[in-house]
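Before anything else, here's the structure in question.
By written order: A, B, C and D. Residues from 1 in each chain.
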Amino acid sequence: MSEQIGFIGLGNMGQPMAQNLLKAGYALRVYNRSSSKAESLVTQGAQPVSRAGDVVEPGGIVVTMVANDSALESVVSGEGGFLERLGPNGIHLSMSTVSPATARKLAELHAKHGSMYLAAPVFGRPDAAAARKLYISLSGPQAGKERVKPILNALGQSVYDFGDDPGAANVIKLTGNFLIASAMEAMAEALTLAEKNGIERSKVINMFGQTNFACPIYQNYGKTIAEERYTPAGFLLSLGLKDMNLVLQTAESAQMPMPFASLLHDRFMASVARGRGDMDWSALAMGVSEDAGLQK
Amino acid sequence: MSEQIGFIGLGNMGQPMAQNLLKAGYALRVYNRSSSKAESLVTQGAQPVSRAGDVVEPGGIVVTMVANDSALESVVSGEGGFLERLGPNGIHLSMSTVSPATARKLAELHAKHGSMYLAAPVFGRPDAAAARKLYISLSGPQAGKERVKPILNALGQSVYDFGDDPGAANVIKLTGNFLIASAMEAMAEALTLAEKNGIERSKVINMFGQTNFACPIYQNYGKTIAEERYTPAGFLLSLGLKDMNLVLQTAESAQMPMPFASLLHDRFMASVARGRGDMDWSALAMGVSEDAGLQK
Amino acid sequence: MSEQIGFIGLGNMGQPMAQNLLKAGYALRVYNRSSSKAESLVTQGAQPVSRAGDVVEPGGIVVTMVANDSALESVVSGEGGFLERLGPNGIHLSMSTVSPATARKLAELHAKHGSMYLAAPVFGRPDAAAARKLYISLSGPQAGKERVKPILNALGQSVYDFGDDPGAANVIKLTGNFLIASAMEAMAEALTLAEKNGIERSKVINMFGQTNFACPIYQNYGKTIAEERYTPAGFLLSLGLKDMNLVLQTAESAQMPMPFASLLHDRFMASVARGRGDMDWSALAMGVSEDAGLQK
Amino acid sequence: MSEQIGFIGLGNMGQPMAQNLLKAGYALRVYNRSSSKAESLVTQGAQPVSRAGDVVEPGGIVVTMVANDSALESVVSGEGGFLERLGPNGIHLSMSTVSPATARKLAELHAKHGSMYLAAPVFGRPDAAAARKLYISLSGPQAGKERVKPILNALGQSVYDFGDDPGAANVIKLTGNFLIASAMEAMAEALTLAEKNGIERSKVINMFGQTNFACPIYQNYGKTIAEERYTPAGFLLSLGLKDMNLVLQTAESAQMPMPFASLLHDRFMASVARGRGDMDWSALAMGVSEDAGLQK
């Protein structure tokens, strides 16, 4: 008989991830704030529940993939949350992008109840999630890692372990998004400089994507930014702003300035103020073009 | 009988490039400001000359690989320069990193004398030059490109053609160095944030170098910046500052701001002011660590 | 018979302010977290109390001058706070530098209890407070303003009314500190440029302080920065960092980037990371000198 | 009989300055590239000449007030320039805003011909020039300063002497314009933050202009930026960009970064790229409003 696990958060990412767990043979109880999102999973065999706390049996495993820090805190320790029910030997496999501070705080809370908090945020967009191609950074108590291994293998292509600190995996996730945003701004400036010198944007990224920067971020976002197609959004620009704020808060706690992050924050903020929060976060490049006097 | 070509500039890059031309069967006349640099090439069959103008016969080909804009202008049109001698049908294959403005100016000068200026700056360090692994961006009059093709093939692994504008290939070269510097600063900030959160720098770049950023710049400079080994220099930090100034001048002519480039300029400048001009340009990361209060 | 008022917060600023109220004939009950600070005031006639809530009678007036947002929330609505006791017709004259968001939140809380929250943060250092030379920005319900007028006149030289929004006066206070910090950074860069050109720092600020910038901030901070005397602190650099964070949070809520504020934040943060949090906030200029390669 | 002096450059500033010299009793020979500008001065008694070199007798005094570095070099040592004619004991009183590097170079050139170069750039707009209210920074050989004293007194309200280095007075002029631009950006950010919090822009600058920042720059530019009236231009935004470039070049020579100057450069550049080069340089504030999502 297959192991039963709880899954909370059925958005663009959670949906295909839950599906992969079903395919891998897990019995799933699913919860989402707006229950309509659970329907297609239910037709595939998942069992819907109406309170977060009902997804799991004492000592079981809950996977969460929710929108932000407060949504996560709410399903854990808010009204109807699963914290008390999970109890001794229970594992919370937390895969959302949240702040290291929130991760550390929730880890303490779980510890008090005898359960374990494992941070396992992921890299990849919904199509990568569907294809089990996610990259996963993992941290938290060693004891729990062995048990969740098959689950992680059903969701992603590789797992990187960053030790015991429950905040560590989230630091990694945030630095990853910071590196991506930095690469996007750099490409936007570079391609605009080329354009203003009469060179076709696509030819430039084509060269770099085949040579020094032959890797997914430069190839994929490079193409988007070269072609200036910022809708539909793969990842909302407003979430990009949220993540830069998490990066800056984490830097604040660690006592260090991050000048590129400050600049990226300001770029995203100006983009949101100009009404681009619902475009793809690569639309930060529109600000670069405008500041160059290019009307698109 | 093998074709004769002239080669000017026998520094860290020019030396192995000239050698590859000899190996490919070209008869070389070589010139370097300090003539001692020519010695090892002479033992391999190159013929040294004492004036830049003597490296070439009328209508021939001259390859230049010199330190900067003024050195290039000097060997072309300074005293003893090759401009007048080169004459009709002659080709100047200019492979140094110089400003697009200088390239355009020299191209006009050659056109007046009936010769052609081809811009062909390269990506790669001395070991890549020795291994014929350079990437080459090319621009200038189409007529000349066919004739230099075998030469470029003897020097690099691929050539990207950016059209007629003699400045275009140099714009590409500068945007490339700008992208690299941006990646280095972003990695420095990311790794320092990780370090201040108790995570080992090398583990972070190890993950990203295998996943989203699985490309040479992030793998190689990532390793350097993770291990904080900034000597010996592969590319001098003082030259990094020079290149950021070329980027900013090109942006000035094109009328656009480049905020990342401004910030990188300021980072390199502070590094030079603190006496790090002779370290590798990845030593810009030391400033990130210092601003985080880390004493190394 | 003189009116009785409560006064909470007897730090560097609160001390001389409370004294001026005594001199103006008010009967003062005073509270401070560490009660020893009240001693000198008690010898001058103030009556010490041991709980914040005891400084005031129902319907009375409480003046607060505490360190930060959480200290303010604590004396208002924390254990032993004065909120419930103050009640209908009571006035809380809040003179600390806190965020507009906190001010708005506390104003609502007071409204629920029938009392009024008036924001009245001040500009000036302890010596200005002692000399009744503070500038005061005021906002909140009009009804309360008439009643506190004599109190404000006993404390400062002029009052500027910014309307009903209880957050407005704090926005003004934060923009003021932002303008000061901007002027300090600008002066630091200007004087260092002069110094590196062989010009004496003091001569430069002497000219500007007598001409285009003949106003207190440039004259006083200009002298400090020219002479590079950053101790003892008039205003702690760590509080400067705190205030830049308040500025940036307020800008975040208002949805706008503030690039100068981002840069100042990063400058203050690097200064704190290097161990300068206890120096005067004008010590941000040390970072400018260091980045210029000057060892002091 | 009145002393004869030459005056070159009859633009917005030069015109009223020349007029004041006539009123002070000097016999003027005047030269301007486009001769029509001389007409009104001629009716007041000035004698027009058609070559720069004709404004002065050997050993005399020439005052220059031209647009930029190259215009200055042209009237000095270009065809028809006054350098050779000026000769031993001659004084060139150079009042334009040029780079310290140009000043130093011209000073050497004069020294070779036995004449003296005095740098005396001015602070103030055309109305201040007309009213003899200019502030003047002065540097160069002491020997010449005594002789030009009455001329400077006829032009401005005070003179600040910065020693022998002919570049020093221009460093001062550039730092002054940098301080002004910094103050404008800071005010723009501050007033926009207030506006987005529902506070009237004018009320904010009204308070600060009466208190901590009670000086001309904050009062005058503060009013302009509060009211957002950026035409007609008192000082062209395109010249503001030019001056920030001079500041950055001077910092480059001195080996120091100036992060505020870099940011101001980028702000001015984006403003020029968006077509605002002919507005007043305070129109940099429009970029702040736009980035805040405010359409004006």
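Definition applied: a contact is a pair of C-beta atoms (placed from the backbone, for glycine too) under 8 Å apart; a residue touches a chain by one contact, two chains touch by 3 or more.
Bear in mind the structure is a predicted one, so any value in this text is a computation, not a measurement.
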item	value
Result of counting contacting C-beta pairs for A-C and C-D, higher pair	C-D
Chain whose mean Cα position lies farthest from subunit D	A
Computed distance of Cα centres, subunit C from subunit A, in Å	40
Touching two or more other chains - residue numbers and ranges from subunit C	251, 255-259, 263, 266-267, 269-270, 272-273, 291-293
Contacting residues of subunit C [partner subunit A, same complex]	245, 251-252, 255-259, 262-263, 265-267, 269-270, 272-273
Residue ranges of subunit C in contact with subunit B within the complex	266, 269-270, 272-275, 290-293
Touch list for subunit D against partner subunit C, complex	100, 123, 135, 137, 158, 160, 162-163, 165, 167-168, 171-172, 174-176, 178-180, 182-183, 185-187, 189-194, 196-199, 203-204, 206-208, 210-218, 247, 250-251, 254-261, 263, 267, 291-293
